[in-house]
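Each structure below is given as structure tokens.
Below, chain A partners chain B and then partners chain C, in two separate complexes.
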Partner chain A sequence: MPNIVFHNITKSYDGINDAVNNLNLNIKEGELITILGPSGCGKSSSLRMLAGLESITKGEISIDGTVINNVLAEDRNIAMVFENFALYPHLNVANNLSMPLIAKKLQKKEIAQKVNEIAKLLEISDQLKKKPNQLSGGQRQRVALARCLIKQSKIFLMDEPLGHLEAYLRLLLRTEIRRIHETEEATTVYITHDQEEAASLSDRIAVMNQGKLQQVDTLVNLLDKPHNKFVAQFIGNFPINLIKGFLLSENESYIFSVENTSSKLIIKENIKLKNTDLSNLTIGIRPEDFTIEDNITNQNTLKGEILNIELIGDKCLINLDSQLGNINILSNFSKEYKINDKIFFTPSFKFLKLFNSEGMNLNLNE
Partner chain B sequence: MNKKYINFNSISKKYDDLQIFDNLSLEIEKSKYICIVGPSGCGKTTLLRLLAGLENIQSGNIEINGVNLNKISVIDRNISFAFQNYALYPHLTVFDNLAFPLKSKTRKQKYPNKESIAKEVNAISNLLEINDLLDRKVNMISGGQQQRTSLGRALITKPDILLLDEPLTHLDAKLRYSTRIELKKIQRLLNISVLHVTHDQQEALAVADHIIIFEKGKIIQQDTPLNLLYNPNHYLVDKIIGDPPSSILECKITDNKIQIFDTIIKFENTKRDSIKNVSEKFYVSLKSKNIVISETKKENSSVGEVYSYEVIGKEKQLIIKVGKFTLKHRTNINYNYKINQKIFITFETENLRFYYKKNGKFAFTI
Partner chain C sequence: MSLVSIKKNIFKDYLLVLLALVFVGFCLFPIYIMITTSFKSEKDIFAWEHVWFFKPTIQSVYNAFFIFGGKSVASFILNSLITTFTSTLLAVLFGAMAAYGFSRYKFKGSKHIAFYILSTRFAPPVAFIIPIYLMVNFFNLLDTHFTLIIIYTSMNLSLSIWILRGYFNEIPIEIEEAAYIDGYTRVEIFWKVCIPLIKPGLITTAILCSIFSWNEFLFAVILTQRDASTIPVYLASFQDSMGLAWGEFMAVGAMAVMPILIFTIILQKHLVRGLTFGAIR
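Presenting the complex of A and B:
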């Protein structure tokens, strides 16, 4: 299982703007890492440089310690799956799968054997004689995955491989991809703009925005300890509540005064603040990080009126007009709430996310 | 007889040889947010098209407020339809798209001049927060904004009934979430009846006051989201509603013993009375919470294998294969199960639900 290192990688298409700006990323052997970000963030450019489909403007990419900047794409022993499958329309499935092996000059018998093996693994044995246009989207993507696997490369690059599929197939195939990655003992770099998909199948996620790496971490760390407001907003199934205000220091704790209200939140967590403008801050609280109370239980218990309720599995997402403004709370369905009900709730600051005016999270002790 | 607002009375509909509805009857309450859920081809879109008057009924009739619709033309029904693909006029501005329905001949009396039309356009664009976009061509605005424009055009005629066909399908996750809150808010604000067709049970649970579940042109259950979630009366409802979805499998019942895979579950004799005919075949519905897994062999356990896994929220969802059956089980994200690892399964029997195999209907619970 190879490891991959991006060292000070910059890509510029026009010599003026950087599509990728000084990317440093260390992908561990056997890892499935996702590069996640909105369109234009540089994720595909990064992947294409690794595949050898784009030149590198500055910096070095190495695989297992060997710099590959000047190695031709076909010599990098990398298998790639594209969003649009990129199958040969005039060839049947068996011939599509054979292509990488013919290129490697393997014997006919050996090719047939490998094609059958891989078709069995991906459950497309019945489709081998069909042409791509006779297949459903899901089957076509399986063929594209099979063609990627048949190269027996130990590096898989996947560029939005599920982007063009129907919702139920996306759900089905992401566990297939995880399975293939592990059973083939590969190192996989996966590209998507869909945070839920990234969360579902990655060991770690590298979040990019405007050509810059924002944070690379496990899902749990991205949720609990986002480096900045962009990451906090981009990651998470429900939008994070962002509450503006200013901070006052008092004895051992801090008091966060919520903008345009008389609400105050007492923060006892140990936070280190230096040289920052305390008057222009934003607290981020995830909908999961509230407790609904029967009455006022502590100094941070607040009140709100229910505007909307959505059932989410066996939980519910409550939209509240509250003393913190309009917020969302995810709650267990312990009792039946109704619109216009008034409820009490307490936020948890176990993983306090406090952003300064530049959007940096001030509560990171690293 | 005290009739409901919308009544489908014994309707039948056939496309060539394809029978969509055969003698279907359905009553719908006024001023509710109704979701119609089912797989593609179940007839849910056809139902909307019949109500809108875009298709003819072969037999039976539809009544609204006791008035038979069969002879009433599309334009006189006061029903609006917003389509999945928005169906906006690309060469017109947002303003002209919104104003379009008011310029028809039949509405000439009500909206005789530009001022009267502009007044309505302004009102609806304020409601949907697209008032800044009125001068833009629709191909110059985002997907979410097109969605709002399409919705605005449907609402501008002040319909009694709004029909939505997969309104959220083409939106990304974040936009889907904010749009569904918006839809619910508008329904409540205007106090209109909404019929929203979707294949996505999670979407239906989130927005609906009442859900109707279709399968092959027949209603299999209709109820509030909570009742469907906790008291499904058909195995198909159990299978599609809920998160994670249940696994449905056939099981043997003899005397007071149930066999699931290799595991024997005994149940009390008091429960036995509710099972009238033990010789019948049953389905059991296994939810995540009914499944207990262990890495070490336990007495009376069944053997399975971890096929794959994915991360959902902050939990790990294991895909477990037992023979040809697939089970889904949510577990702590930190448990490090390996793909192809052997695991031992026992069952938590509280609220385990059983269905008759012959007709799919709910049989009993233990």
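Presenting the complex of A and C:
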């Protein structure tokens, strides 16, 4: 099981803008890491540099301590699944699967045996004679996965492999990928923009934006302890509520005064202020971190009027015009609410997310 | 859909079929005349009124094949086959290699070079005939297959590069990248992945190149005299001071059409579009 290190990696296509900017990432052996980020954040470029399909502008990538910057793609012994499958259209499935083995100059008999084994594993044995254009999307994806596995590499790269599949197939193949990663004892780098997929698959998630690595952590930590405003906004099933204001210190607690309103939030949690300008802060509260109350229960209980209600499974997302401005609250579907109803709610500051003017989270213990 | 509109459509279909038949007749009529004339006696050929029904004779065919020009027609056809086959093979082979380069490598001036290659076809070939004659004569290569092969290859190369470049451009780059990941070198990818994928393009190019080489007359008539003369040169030799021997001319003409016709018919079933379908997504 190899480990992979990105050391100060920069990639620029035009010499002016950096698609990847000074990326430092240590992928542990046997780890399944997901690189998550919006389109154009540099996640695919990073993966392609690792695969050898893209040159490295600056920095070093090493596998097990050996720098691979100048090793050709065909000599890196890395297996990869492409976003759009990239099967050989002129070859049938069996021959598609044979290609990596022919390159390794294996005997015909051995190739046939391995093809049959892998086809059985991915349940495509009855498709071996078919050409890619005779297969469904799911079957093509399985063939692409099989071609990746048959190489018996110890590094798997997957570039949004499930991006073009139906929801149920995504679920099915997700489990398959995780299982294969474990049985093959490989190190896997997985790229996606679907955080649910990232969460279900990976040991750690690396969040990227505009070519820069934002944070590498487990999903729980990304949700509760985002390093910056981008991570807070990008991670989470529902958009985080960002409320601007300023902070005052008072008797071992803090008062957060909401911008343009008279509302105040009392924060009893300990905050590390690190010489910050307290007049320009943003507090982030996830829709799940509100409790709806029947009446005013404490100093932080606020009032709002329901503008919209969206049903999501057994929960509902309530859009409120409140004393904190326009916010979203996730509620258990225990009581029926109607538009224009007035409700009370209390925010929880268990994992306080307080961002300075640069968007950095002030409340990290690290 | 109402019955009336169905009837209208059927009428439209018949009309289309009729038009197609007229067009096919128009195209095939010269070939019909060519084949029938080669089996007519001289009297029937030169009759004032066109003779539709006649007693076939093989005199013209016999003359054309064994007597006229004092040399068997087979040797001219063989010359044509040698020059056409070899020059087509070379034009397609080198054309594919160059086209791949133009398609996959973006280097300084690549667009200009590609345009320059096409521009070699801008001037009429007759403009080059004297310098080429002098060169060929200098190297003592007049009346050789080699000369015609080199000239036809270079003339077809620009066409071949331009057609094949389009086909290479259509191959999704991911397929090649997948092949790199599978452990293949660029050269292996070219032969094992790209060439099979542009098969329809190779066939189209081969057909066009071979038609050009097979029918080329100007260079053949000036640069060859006897040993390397091709079939168009032989055809032209039927015109002499005594006039044109129509029967023999037509017999050889029909014979000259056959190889290229057969070649095209055999290859056209491979001209399938959308070979790369299903490769991605």
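Note that in this section the second predicted complex is superposed on the first by the 364 of 366 C-alpha atoms of A that agree within 3 Å, B and C clash if a C-alpha of one lies under 4 Å from a C-alpha of the other, contacts with A are read in each partner's own complex, and residues count from 1 in each chain.
Note that contacts are C-beta pairs under 8 Å (C-beta built on N, C-alpha and C of every residue); 3 or more make two chains touch, one makes a residue touch a chain.
Note that the coordinates shown come from a computational prediction; the quantities given were computed from them, not determined experimentally.
S.K.: Chain B versus chain C on the shared chain A, clash or fit?
M.R.: fit
S.K.: Once the shared chain is lined up, is A:Phe238 touching chain B (first), chain C (second), both, or neither of them?
M.R.: first
S.K.: After the superposition on A, what does A:Arg179 contact: first (chain B), second (chain C), both or neither?
M.R.: first
S.K.: Vertex at chain A, arms to chain B and chain C: angle between C-alpha centres to the nearest 10°?
M.R.: For this superposition the angle at chain A equals 80 degrees.
S.K.: Which partner does A:Asp194 reach: the first (chain B), the second (chain C), both, or neither?
M.R.: First partner only, chain B.
S.K.: Touch check for A:Ala103: first (chain B), second (chain C), both, or neither?
M.R.: So A:Ala103 only meets chain C here.
S.K.: Which holds for A:Leu87: it touches chain B only (first), chain C only (second), both, or neither?
M.R.: second
S.K.: For A:Lys151, decide between first (touching chain B), second (touching chain C), both and neither.
M.R.: In the superposed model, A:Lys151 contacts chain C only, not chain B.
S.K.: In the superposed arrangement, does A:Ile285 touch chain B (first), chain C (second), both or neither?
M.R.: A:Ile285 sits against neither chain B nor chain C.
S.K.: Please provide the least distance in Å between a C-alpha atom of chain B and a C-alpha atom of chain C in the combined superposition.
M.R.: 11
S.K.: Go through chain A and flag every residue that touches chain B in one model and chain C in the other.
M.R.: none
S.K.: Under the stated contact criterion, what part of chain C meets chain A in this complex?
M.R.: Touching chain A: residues 172, 174-175, 177-185, 188, 193, 196-197, 199, 275-281 of chain C.
S.K.: Which bits of chain A are touching chain C when the two form their complex?
M.R.: The contact residues of chain A facing chain C are 51-53, 72-75, 77-80, 82, 84-90, 99-100, 103-104, 131-135, 137, 140, 147, 151, 164.
S.K.: Chain B touches which residues of chain A in the complex?
M.R.: 167, 174-176, 178-179, 182-183, 193-196, 199-202, 219-220, 223, 237-239, 288, 307-308, 310-314, 317, 319, 333, 336, 339
S.K.: Quick one: which bits of chain B touch chain A in the complex? Just the residue numbers, please.
M.R.: Interface residues on the chain B side: 172-174, 177-178, 180-181, 184-185, 188, 199-200, 202, 205-207, 225-226, 229, 242-244, 307-314, 319, 333, 338-340.
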